[in-house]
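Listed below are the structures to be examined.
In the two complexes below, chain A is the common chain; its partner is chain B in one and chain C in the other.
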Partner chain A sequence: MENAAAEYSIKGILKQLLTYKSGVFGISLLVLLILISVYTMITIPYSTAIELWRGGENVWIENPRNAQPTWIRYLGKNLPETIKRDSTQAGRVGTIKVLTPIPERNMKLLHISFSFDYEYDDFPSEINIFFTSKYNTSAPLLRIYWIKPSGTKINLMTYIPRSQEERLSLSINPTVSNRLYAYTVNVLGGEPQVPLLVEQAMFAMEDETMNSTLTATPMKGKYELIIEGTLYGEDSDVDAKLIVYGKVYGLAGTDHLRRDLTVALLWGTPIALSFGLTASLTISLLQLLIATISGYYGGKVDSAIQRLTEGYMILPFLPFLILIATFYRLDIWILLLVIIVLSVFGGGVKSTRALVMQIKEYPYIEAAKAYGASSKRIILLYIIPKILPPIVPGLIGSVPGYVFLEAALSLLGLGDPYLPSWGKIIEDSYAGGALYKGHYYWVLEPASMLILTALAFSFLGFALDKIVNPKLREV
Partner chain B sequence: MSEDEELLEVENLRKWFELRKGLFSSPLYVKAVDGVSFKLKKGEAISLVGESGSGKTTLGKTILRLYEPTGGTIKIKGRDITHLKSNELMWYRRETALIEQDPYGALPSFFSIHRILEEPLIIHKFGNAEERRKRVREVLEEVRLTPIEDFAPKYPHMLSGGQLQRVAIARALTLRPELVVADEPVSMLDASVRIEILNLLRELQEKRKISFIYITHDLTTTKYFSEKLFIMYAGKIVEIGDMLKVVHNPLHPYTEALLKAIPDPDPRNREILRDVPPGEPPNLVNPPSGCRFHPRCPYKMDICQKEEPPVFEPENGRFVLCWLHAKK
Partner chain C sequence: MAVKGFAKFVAKRVLTIFLVIVIALYVTIFIANMGGVVDEIVKSTIKMEVAMRFRGPEWQRYDPEEREKLMLQEYELELARRGLNQPFLIRSVIYLWNALTLDLGRAEYLTSDTGSRYVRNIILERLPTTVMLFTTATVLNFLINMAVGLYLSRHHGSKLDKFFIGMAPTSVIPGWFYGIFLILIFASQLHILPYGGLVDVEIVKTRDPFLYAMDVLKHMILPLSSWIISAFFLGCYSNRTFFLIFSTEDYVEAARAKGVPPRQIETKYILRPSLPPIITGFALGLINSWSGAIITERVFNWPGLGTVTYAAINLFDSAVLIGVTVIYAYLLGATVLILDILYGLIDPRIKVQYGR
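On to the complex of A and B.
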């Protein structure tokens, strides 16, 4: 004889879960998400995550803006990766720095050469040179040249660093732009239809395709950037760092602030899991307790709790939550608390109370009263263990709802102001016009993490439901 | 306490359930137990017999104070416990126990047998874990669920109905009560294990000198168990007497009817039509005037409709609520 009671032990449920495909699927997804969370918490501690996410542009200055994930290259064009050359690491591949003092004139001649092979199908997104200069009285005078694989040498500009740390953004420099325009006109033998962008002109094939930004194609081969300069003073020195920003970055790409999305996607996992699980568990267990007290004691206690619940159920939950979150900029855990407080007297109280009303008439409850069990003992040890198994599927199934709620609030700009979460990425991408600009990865990555989490808990919930409600099995 | 001393004294006990309370109308009551008086000696076993709806279960549970009595008094060892609050009742809970009808529902499915038997001991702060284990072993041995090592760690769904009822009996005995109310303890069991359980109950009752109230609708099972019969009808005990005397010479017409209704297993009697009183048990919200049995009584007299019969004692030790015995 198969008895329902046998299936209601925790061990029994777990054992049975593995006999359902949806159970195995849900559990493996959940285990994966938990592993990601643990990995994240260990490798990127909370403070580091906040620093990385809120540290401003300097943290990520060497990353390309709005770069797609690297693996996108396997699906289509060979998009460029970021190329870096640093003169402080002279001697490395493609990096030469020579400093020659001129005797008796208290001057030095500087020669820096950065070279690299460029074999990609698309132009870089941006080109920056970072200068670190050391001088006493007069600033150094630098001349910057660009040599294409065809051998063409272009004098990009003459540059005088004004402070010790300077960034030269070639992409938006008017002098460079003008020089390259002249070069384009020279190649075409006339004015181009649509003038090329700086990084396009620097990398374009020298033919009629330079006529427009739409037709320009990158020239493959060895490029070289040469910085020649004159330095004044005994201990003067100049170092340069060339960064040719690509169009792909890392596992997840970057956002509009050059931030590595991996950080936010990883950190979103423990946040989503803990937020969803805590909200669902706390709300379900509190509702369970309230419902049991209401159903067991009956009378005035019951009436009071039921009327309160009905009042709560009429309250518009989301507008209320938005109101509170707008007035008080809440961090995620306070937000969680507000959600719990707003939901404890929810519909769950009603359905669980109905179960309690039924169970409290069971003979074993009466027997317990007959041997002197207190009401507290009966509620906690005799009724709750009996109703817990049937409500577990609902509890697990409601986790995605709270994960989505957090994302929705973030999307409305009401989420945690510091923590990186999936909802935050979607908010950023929405504000950054991701879909309009074609940055699909920016939206799809957090969205698929959300869906994955929802699937994990939903499948688990379905399987649990089949176990504790055997009637569903035949369907 | 001597053998003959009264353990339980019930005096005019009433338990009315409120049906509904209108805003303006006066409340209606189901008079499930309506003026019951009897005494129970220490170590005495009685059978409380009546059809369903006669209030026998309510009476048993009211005596155990699972229901708050509406009126009357319940005294145990001379102490009035009628209206004590639940925290003052703990000693009474120790002295009394309940065995229920449904062995499948009477045990919490999520506790092991050991835990089920230990619960009353934990609640009454009996000894330490070792002493409790010893007591659990003792009671399991008493109800012959052996080997104990096999049964103690099991869960209720692993046992058969008869075994479950043995566990329920063991649980009733863990606190060594003086009064046990068994509410149809065998009616849901297979016929084959009924007599076994009844004999076990009888044996334990005699061994431990327990006062026993055996509630049943089945007169045939009473002979295995007790020497005294209480017949209940519509919230009142209508006849009290020694088992054999009542069975062979029923004084109340209802008792007579009950005895006639017992099926006869002898195939030679299969053609005999049974003379069973017509009608249904009365509505307890609005019971008939006078004697409650009069609408179904074959010996109905005028007085039966007008006046409720008092307790008559036509023979020594036999009490009956019936006007037929008024003159004797």
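On to the complex of A and C.
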């Protein structure tokens, strides 16, 4: 008996847990997840996370769309990273800006040159130039040239910025597209089978491979973009920023809205942990309380509670949840409350009640009754502490169920409207056709986080089960 | 006498389950009408019906304004006739009756494949596909877990047994989640199985029932596998433990000592008494599968109740959502009732209790 009491101290249980492989595995995973949560909450505060995730394209405009994680390069092709050149930082590597006033004409000549080495095995995903212009009378007239490593100079277009801040998307610009088509025809000496995309034509080897988008290969070497123009007026000025979007980004890649997935992957951790643990803890404890009342008082109370549990079994839990979530657009914590309400009379009540019925007959309860202890005292101090240990493994083991429930609701489009969670990423990736288009990282990253969390609690629960139910060790 | 007792048992169960369904439907109506949703559905349905009546050529000679007025009058009359201009408490009873009789009104956006706008048609059309897929999954799971569990209990302590014990925790990952990985491997990478859906359009065009059935089976492979993989280790493990506990009972030991052949011990002394709890496990599996269906169907694009639910969520088609909940309440009630009856047939204690 003494031994059993020692087993149930926290220290004792922890000690025993470490003798099981599954216990060690579960605990180390859990510690890792908790560390990630703490790190996330400190480095990316809640408000920042929502701003980053819901701020729209402006926050992430310099990121490529649907970029894979950077480390993927070590597994296969050397995919391009994003290259940035900014004329406000002239003097840095590959950035030159010269403004020459023309005497007595109130005009200036602008020359911006961006150059970079391109040594990747694949084409960039998109090319944008962002202009910031200052003028009072008439807008500047800019000519944009592209020089390939072979020395070929292509006149891409003539551009007139119409407002102070403007984005020129080369990849979808019809003039650029036409110029590059003409250039392709010139190289091939005829029409190409499948015309190249803008960023492909700009980076392609100048040979017969330019015939189709499938055969084109990038030319390695030094590229240069030149912006020349005439500015009118004393204080007129033009600055440009070139972004050659790559195909890899950061630790986790980006989604269809250019958002850095690390934000959501990191923030998903504390959300999943707190959601799963709160749900499991509250529901288990409430069920425990209900079961104890039912078992201890017996009679009418008992039969009423038992009928209620049987009724609950037939209630369509998920359709109810979906109905409520759709009609009232709940945030994650209210959703949690609804889940708790819908599960209090769940299956756990029946099994715990059976335990209570046994313990009720123990001599020490009889003794307590004999010296006049109140029912409240007996339930809270003598029965619940006795049945708490056997339900702990179930409590831990049911955490993943709630984590997956949140993910499932997100997958149905019923998750929290603001918070980034793992289920949300999976939903985005599903809606974005990630599995069809081969953006596997987009699905696999949140999925592996979910699996890690599930396994951590599940293995821990199994190990705990062996400790508190020694019978299981025998068979 | 036993037959009469059994009938009494069944009648009692039918009554209890029906009562729970009534409560579930009432709660559904209550939840749904917090924002007046049910009212809107019913009113728009009546409005449509009234408008239909005024379509005919005999109404064309009326002045449009007058026709509109007559229509409004008719609509008000119809509302009063159905008792829908009364307070919510009375209305809710009317709605409850509608729900119980599956009078689910008209959908706002969705239509059934045959073009019907009635929620009942939309849902009943999809019900068979859901039932087909998930009953198959539950039965397969049940048989596989049972067979492997029995095998493991016979060889307990072996390396394979230890492997199953070690892998059991992986079963917390639900079937739909494995489904994503299966699609990734077999559809996206290997291109040997479809991404989802029920049947290929090309096959439907051939109008060959055999090819059609084969293609449906092909589309069922991945969803079924995902459910089987998900339940495999834990299911086998718990069955094994269960059989082990039963096989160490005194009466089994006694039978062994008497020299009863092992096969007979297994069927008569272990399997027979452990059947009732196993049936309960099967029932719970089936009930879980109905709920799990919603998400699995979303993942596999399987055209059943779940896909209808997903479409209704996206279009905010409240009539369909309420209808789905109603159908689910019936589905769960029916499942529990059938299994209760099975249970009653198998469990001798129930026979004894009601036989007297």
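The criterion applied here is as follows: the second predicted complex is superposed on the first by the 467 of 475 C-alpha atoms of A that agree within 3 Å, B and C clash if a C-alpha of one lies under 4 Å from a C-alpha of the other, contacts with A are read in each partner's own complex, and residues count from 1 in each chain.
Following the convention adopted for this analysis, a contact is a pair of C-beta atoms (placed from the backbone, for glycine too) under 8 Å apart; a residue touches a chain by one contact, two chains touch by 3 or more.
Because the structure is a prediction, the values reported are computed rather than measured.
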Which superposed partner A:459 touches (first chain B, second chain C, both, neither): second
First, second, both or neither for A:377, with chain B first and chain C second: first
First (chain B), second (chain C), both or neither touched by A:386: first
Partner chain in contact with A:18 - chain B first, chain C second, else both or neither: neither
Touching partner for A:31 - first (chain B), second (chain C), both, neither: neither
Partner chain in contact with A:317 - chain B first, chain C second, else both or neither: second
Partner chain(s) touched by A:366 [first = chain B, second = chain C, both, neither]: first
Chain B versus chain C, judged by how many residues of chain A each one touches: C
Set of chain A residues, in rising order, touched by both chain B and chain C: none
Complex contact set, residues of chain A against chain C: 21-22, 307, 310-311, 313-320, 322-324, 326-328, 347, 397, 400-401, 404, 407-408, 411-414, 426, 430, 435-436, 438, 440, 443-444, 447, 450-451, 454-455, 457-459, 461-462, 472, 475
Chain B - residues contacting chain A, complex: 61, 64, 66, 86, 89-90, 93-94, 96-98, 100-102, 105-110, 119-120, 123-124, 155-157, 168, 171, 175
For the chain C and chain A complex, residues of the former touching the latter: 16-17, 19-21, 23-24, 27-28, 31-32, 34-35, 37, 156, 166, 168-174, 176-177, 180-181, 183-184, 187-188, 195, 241, 244-245, 248, 284, 287, 290-291, 294-295, 298-299, 309-310, 313-314, 316, 318, 321-322, 324-325, 328-329, 331-333, 336
Touch list for chain A against partner chain B, complex: 3, 5-6, 8-9, 362-364, 366-374, 377, 382, 385-386
